[in-house]
Amino acid sequence: STQPNFQPAAKIFAPYSIYKGKAALSADPLLPKFTKLESGDYKVERRGVIMLTFWPAIGERKYDWDKRQKFALSATEVGSLINLGAKDSCEFFHDPSMLSSNAGQVRKSLSIKAHADGSGYFVSLSVVNNVLHSNDRFVVPVTAAEFAVMRTAFSFALPHIMGWDHTVSKLPIHCNEGSYIRSNGGS
Amino acid sequence: STQPNFQPAAKIFAPYSIYKGKAALSADPLLPKFTKLESGDYKVERRGVIMLTFWPAIGERKYDWDKRQKFALSATEVGSLINLGAKDSCEFFHDPSMLSSNAGQVRKSLSIKAHADGSGYFVSLSVVNNVLHSNDRFVVPVTAAEFAVMRTAFSFALPHIMGWDHTVSKLPIHCNEGSYIRSNGGS
Amino acid sequence: STQPNFQPAAKIFAPYSIYKGKAALSADPLLPKFTKLESGDYKVERRGVIMLTFWPAIGERKYDWDKRQKFALSATEVGSLINLGAKDSCEFFHDPSMLSSNAGQVRKSLSIKAHADGSGYFVSLSVVNNVLHSNDRFVVPVTAAEFAVMRTAFSFALPHIMGWDHTVSKLPIHCNEGSYIRSNGGS
Amino acid sequence: STQPNFQPAAKIFAPYSIYKGKAALSADPLLPKFTKLESGDYKVERRGVIMLTFWPAIGERKYDWDKRQKFALSATEVGSLINLGAKDSCEFFHDPSMLSSNAGQVRKSLSIKAHADGSGYFVSLSVVNNVLHSNDRFVVPVTAAEFAVMRTAFSFALPHIMGWDHTVSKLPIHCNEGSYIRSNGGS
């Protein structure tokens, strides 16, 4: 693991949140996890994601955070979203327990559907939980301006959730040695 | 507050300014403010903005900075602006005292209106102040090239005014410990 | 050379990999190499590339890494790729021994061909080796979403493989001197 | 001035160069210069530019660097260039001695003219020097792929030549104080 043993890095919360009549939606990048190899090098152990969180309105400007549901967009799903034309739609399906013995018990689907006039999108999350016998559905209308924020911020975050900010990094911090230029040219 | 107690960071002024016949317009990013949580983590307390400043011409190449008026573009308004097609228009309304007892006393509106031939935009600010009985109006014609600078610079600045440069940051500065890779994977 | 003599910087592996039925494809940025000039300044000695690696499937979800072939995209080839419209195609030819006595012995060609309906691309690598009398061919269908990831990540990486992240860098790391602003204005 | 007094930062040369039959063209970002204010803050004293350099071919793959001519693209001219459609053209005129007593003695014009089929551009520099009675003209055909590299690299560099990388910077390097988050929220 790459967790430093002297002091964990502080987390920083800066979600992009959209509050609408029936539900709220927020987006947050989560960075990849790296493993240190025996060679001293690092490789991505788990890709990062853009985490979408939905939670329902329970009154005028009141929302219930305890009823939130999450959907983690992979790099390729982010690619699909930032590539979406003004009249396009897309849908993603996740099973949080895929490949385990609990597969199929929870099914999540995220749908992004353009308004016919190109003025925005309906972003919907549906979570069917066959264990809890629950069926949650959230719909958040997102304006073209809000979607432009998401597209720009997600495009910015994409190389970071892939770990490419590290592979192109020019700054090995050897502070007491003065500045030099890093090169990964041998690889 | 996150203000370090030993020495405030220097401010750096690098506005993008456009001087035209009747008025000048400049744009500047302002970063978000963070609060330190009891956990030691941070969250955005107040979002950043792109601050637009207008000030009038009072002669040939002379402008009166004392008569300036400001309009703070939110992340979503920046999204609207960078999403604007060559023939599109948009308008934003602000009340600096919204939700206070002074609500409605000052009304600001910013309008961006495309030239019919797609060669640029009229960017106008109107400020009606019912307390001072004043009514200021500024119009700055912005060429397509100047607008492309704004679109590119605002797209660059958007993740920073949202605070996402922090959430994806790979550099916790622990200089005397050597370099390591930060991961926010637990969040 | 710019290799620091006390401790080589760790390498970080974060390829973007696409696994399909017949073959897998991964992409990785490689940074440029710099030479230190007598003046103490640096110049790019060898440009960076985006390295594409193809390797064949040898069964269900099994791939043979030992049979991989590589194709190094130059800055201009990356420009061609990120500029590709939804219905466009392009092809690049490389001779790894160009200008040496072995010229012509190995010929590589990379082809990117849009699906007729704009839903993605076929990315193919062909390697003809006249010494080994081998002829390898890999075809990986890439969806529009996967290609959007590549376009965004390659656009992000392009200034880095060119070395422009260094020419615009604002951070000479002189940690014990406090912060100051770097200017390359004299150049 | 912001020049550190202990050791000037090393310069880094990483031009994007295009060699064609009649001439070569290279592009390089030059950063802005800052002035320190009495308050301890900084402001941009002189904007940065993208410097274009042209030099003529004098034989097969031989070019004469001594006969080079330069053209410094301002932020707004960069905006014009990155905004150029596949069939668009633009032209800029510079007088290096504008507003001085030598005004009009040297006239430079840069023209970017799209090929009729959208496959690239002719980039031409003309320098008429009435003092030296010289008249230099360079024409470099630039492919769509090469122009895509320029557009992407110039878009990357634009916020830096404007100084916006500093205004949004999150890293005041106070290495021995641990990490904290910079906020320019007071401005």
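For clarity, chains are labelled A, B, C and D in written order, and residue numbers in each chain start from 1.
FYI, a contact is a pair of C-beta atoms (placed from the backbone, for glycine too) under 8 Å apart; a residue touches a chain by one contact, two chains touch by 3 or more.
Everything numeric here is computed off the predicted structure, so don't read it as measured data.
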item	value
Farthest chain relative to chain C (centres taken as mean CA coordinates)	B
Chain C against chain A, contact positions shared by both copies (same if over half, else different)	different
Centre distance in Å when chain A and chain D are each reduced to the mean of their C-alpha atoms	36
Gap in Å, rounded to a whole number, between the CA centres of chain D and chain C	26
Multi-partner residues of chain C (at least 2 other chains)	9-10, 12, 32, 34, 42, 166, 169, 171-176, 179, 181
Residue ranges of chain D in contact with chain B within the complex	32, 34, 39-44, 75-80, 82-83, 155, 158-159, 162-164, 166-187
Touch list for chain D against partner chain C, complex	2-4, 6-7, 9-14, 16, 28-34, 42, 46, 48, 143-149, 152-153, 156-157, 160-161, 165-166, 169, 171-176
